[in-house]
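Given below, in the form of structure tokens, are the structures.
In the two assemblies presented below, chain A is common to both, partnered first by chain B and then by chain C.
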Partner chain A sequence: MIKSENLVYEYKRNISDNKEDRIRVLDGLNIDIEDGQFISIVGHNGSGKSTLARHLNALLMPTGGTLWVNGMDTSDENNTLSIRQNTGMVFQNPDNQIVASVVEEDVAFALENIGVPTDDIWRRVEKSLATVGMIKYREDAPNHLSGGQKQRIAIAGILAMKPRCIVLDESTAMLDPGGRKEVIDAVRELNSKEHINIILITHYMEETIYSDRIFVMNRGRIVMDGPPEHIFSDISMLKKYNLEAPQAVYIADRLRKEGFVINKPVLSMDDLVSVFADYKIGVGNVDRGKKS
Partner chain B sequence: MSIEVRNLNYIYNEGTVFEKQGLRNINLTIEDGEFIGIIGHTGSGKSTLIQHFNGLNKPSSGTVLYNGDDIYKKGFSKKQLRSKVGLVFQYPEYQLFETTVLNDVKFGPKNIGLSEEDIDNNARDALEMAGIPKEMYNVSPLELSGGEKRRVAIAGVLAMKPKFLILDEPTAGLDPGGKNEILSLIDNLHKKDGVTIVLVSHSMEDVAKYATRLVVMNDGEIFISGTPGEVFKKYRELEKIGLSAPQTVYFLKELKNLGYDVNTDIITPDEAVREIVKKIHVKRI
Partner chain C sequence: MLRDITIGQYYPTGSIIHKLDPRVKLAGTFLFIISIFTFENFLGYVVSLIYLGTVIFISGVPLKYILKGVKPIIFLIVFTAAIHLFFTSGDDVLWKFYALKITFTGLKKAAFMVIRLLFLITGSSIMTYTTTPNRLTEGIEKSFGPLKKLHIPVHEFALMMSLALRFIPILMEEADKIIKAQSSRGADFEEGNIFKKISVVVSILIPLLVSAMERARDLALAMDARCYHGGEGRTKMKPLRYTEKDYISYCIIFVYMVSSVAIGRFI
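Right, the complex of A and B next:
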């Protein structure tokens, strides 16, 4: 569970030789995320997404207000270790996250660091590699893997710590289409089967359509919060926040403007196809007109 | 003007136990005025290849010609070459090192010996084009968000006004609005100023929309090359090598399977909308 009250963060920045400025990057956030939810966070460059992410595992502490992770105040340093064990982070560059020269050692690395007993380590490593579908690569060298595979190894390393929450900060930005799909499928499965909280920060709107809720950030504030079908129902609003709709939503919107009547909610290309399929069999959701 | 790559092989860490063939027998000519999209799975050799275009990598064998001249021949000025062939790196962190944003962007034009006035004008123009607000000019590039760093890195290369612009995943990390701005900026440079573009991208939709030709890399080799339409017809083969077609292609295929008479060569959402409006007539109520 993640909860905040009026969470504020200000960076200090030297604007000239001896002048220091404080810039408010998180401006009074009130967040309430229940266990097991899949949350996506979108927003313009510099809107505060990564700064918020760094608060979730106590890499940064609020300069105002309070943030609780699993009921623990992140400002209290006595909680830091426990918070970090329960919140795993995956970043953008897959290469920077791999430390060992053999896949299974890489996954074991963090566990050794926090003093997990050896027997337990190998059991956990095996289970988490299996969960992300990488068990057959356990003895391979990470640098021979594709970007998507490396990201799945990074996720396995985090899973092995048995966190309650995984934060992915643009973890698919550098991946090919196949790798992107692998990572998104893997986190969806972790969410639905293991009930792990997922916080997905992304600029790819298509990736957010599976989440329970989407937060839209703008200049340090959460300006929209709702399920995907709600967030993507107002394309002109999204534009104002420098965002866009997933392609299927965009196409459906354009078709509606051309006079097609599409009553079903559309988020994915599959949804869009099914609208046309219904029409073919006479259900008749695709209609041209109502103009007269 | 052209960049020509002939029988190029590139081997990482040659002669050590870490030896790895990065590129294998590449032949490719980039003609003046092209907009080339390079796609390929992670680790397929895209970045390794484009770093040969401005002489950053030296081939293990084979040649790279700029307007017919071997760029590794003695006496060939790499500095001259790099003022003509601008390269935006995949990870902006590798490109940003000055103390302020403005100084960083000035570095390139300074290095090629422009006048003080031109350096300043070019840098400010480029920053504006890349969407960096004036308040950030004196900030350290290290204190920027991921997308802001990306924009500064792009500005740094634009400020040299290169004839060839090579961009390695320039829109990774940009917000959707910023991505569209940067892509149309690149498109404008291509169409209005005649700049030759090489765009490395993992977004099939972006290369479908802008590129005149695609080069598909697989495991260090050129897998296929052709117009976006030709390449994306082979979507099944692309899927086998970690790629895909743009979503539009699958959508139109599905419509066709449902019995709608639509053109399945279409690759962008806007064309798809036009096609549906034209072909699917439903009775008016």
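Right, the complex of A and C next:
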């Protein structure tokens, strides 16, 4: 559904009056994302992950190569509106993306823009607010809600467009742990129930463990690509790109180095707990299991 | 503390005036203001007073609240009255003191001015008390819709207004935070002479301005991402629709206009 060929994005920066510097943010990306997948994109600051996200929504156009979203070339301006309908985007700051002073009117904003008839707007707003569990706040003012709730409203606003893909551009970065969980749970449910493609851009490795695929970006290139078990099996490689594996992965790795036998892949704390539980009932070598 | 400030002074009581279409209230206020400037005798104002009093009574907004709106312009009223009182020329002199004189015409003119200004303020404040800022914006957009043909960006202005209203509480909160941050670094908002105070205010305004710019950029991007492409082909979730009570109100406004102007000018 999303496919790119040698995607390049660069911009010019004036160093002095007549000298220009070309900065290459995306450096020949070749990606191929199938329908209904949950993709995470990680990378340290300046790796180009947000720039990539903005290409998916035609907010930025490639300066080289081609990107197709749902078969449409993003550099063709005739496609822009239908691409944006197809691929919604949730931004980082929850306050700065809410347009209206009433929750339900904000959810309706995109529908009003694309010219959906009034009766239809009401039906779709109600449905998408119910999907993210915010229906009882429909008449509230957004500034009284928590960050997680605001992001769920932003998701509802996109959902109402009936998109096939939702891009979350560091949407959890400004939230507290509770709010982060709210948002991640909401998009996981959309992915599994409605088969909406999720592209999650994040700093928090813990959020990526549920994804089908993880892209690790560095200096405008995708340097690692694979399922979480694969990506997190090589902690030293991640370190090279200034990334930390989730805590559970890290602990499991240390334990393995200490001589414990852990056969299952460990990604979350729950995995780790179940590994410990196995030790307790005597599946592994018990003698060293007490201290850790 | 800053968060409690409300713009537009909406006072919800759920009365029938509150439920009227904003366009009716806009037209009503506009015509009312025109009417009070056409009268030539006091009888017209009696009709206006009865009309205004009835509207205030139905709206359920306490009179105390409405008179509060008059307070800031008391000086203006007194000043205008004084000018009219002392500097109107005429033969029917009532009182004279060197260059100052009060004529009967001047007295009448001053009284008219006071009544007109009072009615102007109370009449328009009853509109803002009974209409939420957003509904008012919608009403303005719809009422001035025909101006789009003259290439006046009516929709854009209305959108700007509603976005500004949406961001007022956010920027208030932000200002609160900046004030705290600056005080914690030793900025003193209480003491010092006027120049010192101004320089301290600048230390709030500049960070606030920068953050407002950043928010505006984010918001523009978010609106783009949600398919915003101008007012063309837009539909509304809550379009303004006239109901029976709106038509009846238009009739009442019409009857008022005809009767008050007839009484005020020709009797």
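Rule of thumb we're sticking to: the second predicted complex is superposed on the first by the 284 of 292 C-alpha atoms of A that agree within 3 Å, B and C clash if a C-alpha of one lies under 4 Å from a C-alpha of the other, contacts with A are read in each partner's own complex, and residues count from 1 in each chain.
Heads up, the rule we're going with is that a residue touches a chain if its C-beta (ideal position, glycine included) is under 8 Å from a C-beta of that chain, and two chains touch if they have at least 3 such contacts.
Worth saying up front: this structure is predicted, and the values here are computed from it rather than measured.
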item	value
Superposition on chain A - do chain B and chain C clash or fit	clash
First, second, both or neither for A:G157, with chain B first and chain C second	second
Which superposed partner A:G147 touches (first chain B, second chain C, both, neither)	first
Residue contacts with chain A in the superposition, chain B compared against chain C	B
Partner chain in contact with A:E112 - chain B first, chain C second, else both or neither	second
Partner chain(s) touched by A:Y11 [first = chain B, second = chain C, both, neither]	first
Chain B versus chain C as contact partner of A:L59, first or second or both or neither	second
Contacts of A:N93 with chain B and chain C, given as first, second, both or neither	both
Touched partner set for A:M174, first chain B, second chain C, both or neither	first
Overlapping segment of chain B (options 38-46, 74-82, 164-172 or 272-280) - the one that collides with chain C in the superposed model	74-82
Residues of chain A that lie at the interface with chain B and also at the interface with chain C	93
Interfacial residue positions of chain C with respect to chain A in the complex	134, 162-163, 165-166, 169-170, 173, 214-215, 218-219, 221-229, 233-239
Residue ranges of chain B in contact with chain A within the complex	39-43, 90-91, 138-140, 143-148, 150-151, 169, 172-180, 202, 204-205, 239, 242-244, 247-248, 250-251, 254-255, 258-260, 269-270, 272-273, 276-277, 280-285
Interfacial residue positions of chain A with respect to chain C in the complex	57, 59, 81, 84-85, 88-89, 91, 93, 95-102, 104-105, 108-118, 121-122, 125, 141, 143, 157-158, 161
Parts of chain A lying in touch with chain B, wherever the complex brings them together	11, 13-16, 43-47, 50, 92-94, 146-148, 170, 173-180, 203, 205-206, 239, 242-244, 247-248, 250-251, 254-255, 258, 260, 269, 272-273, 276-277, 279-280, 286-292
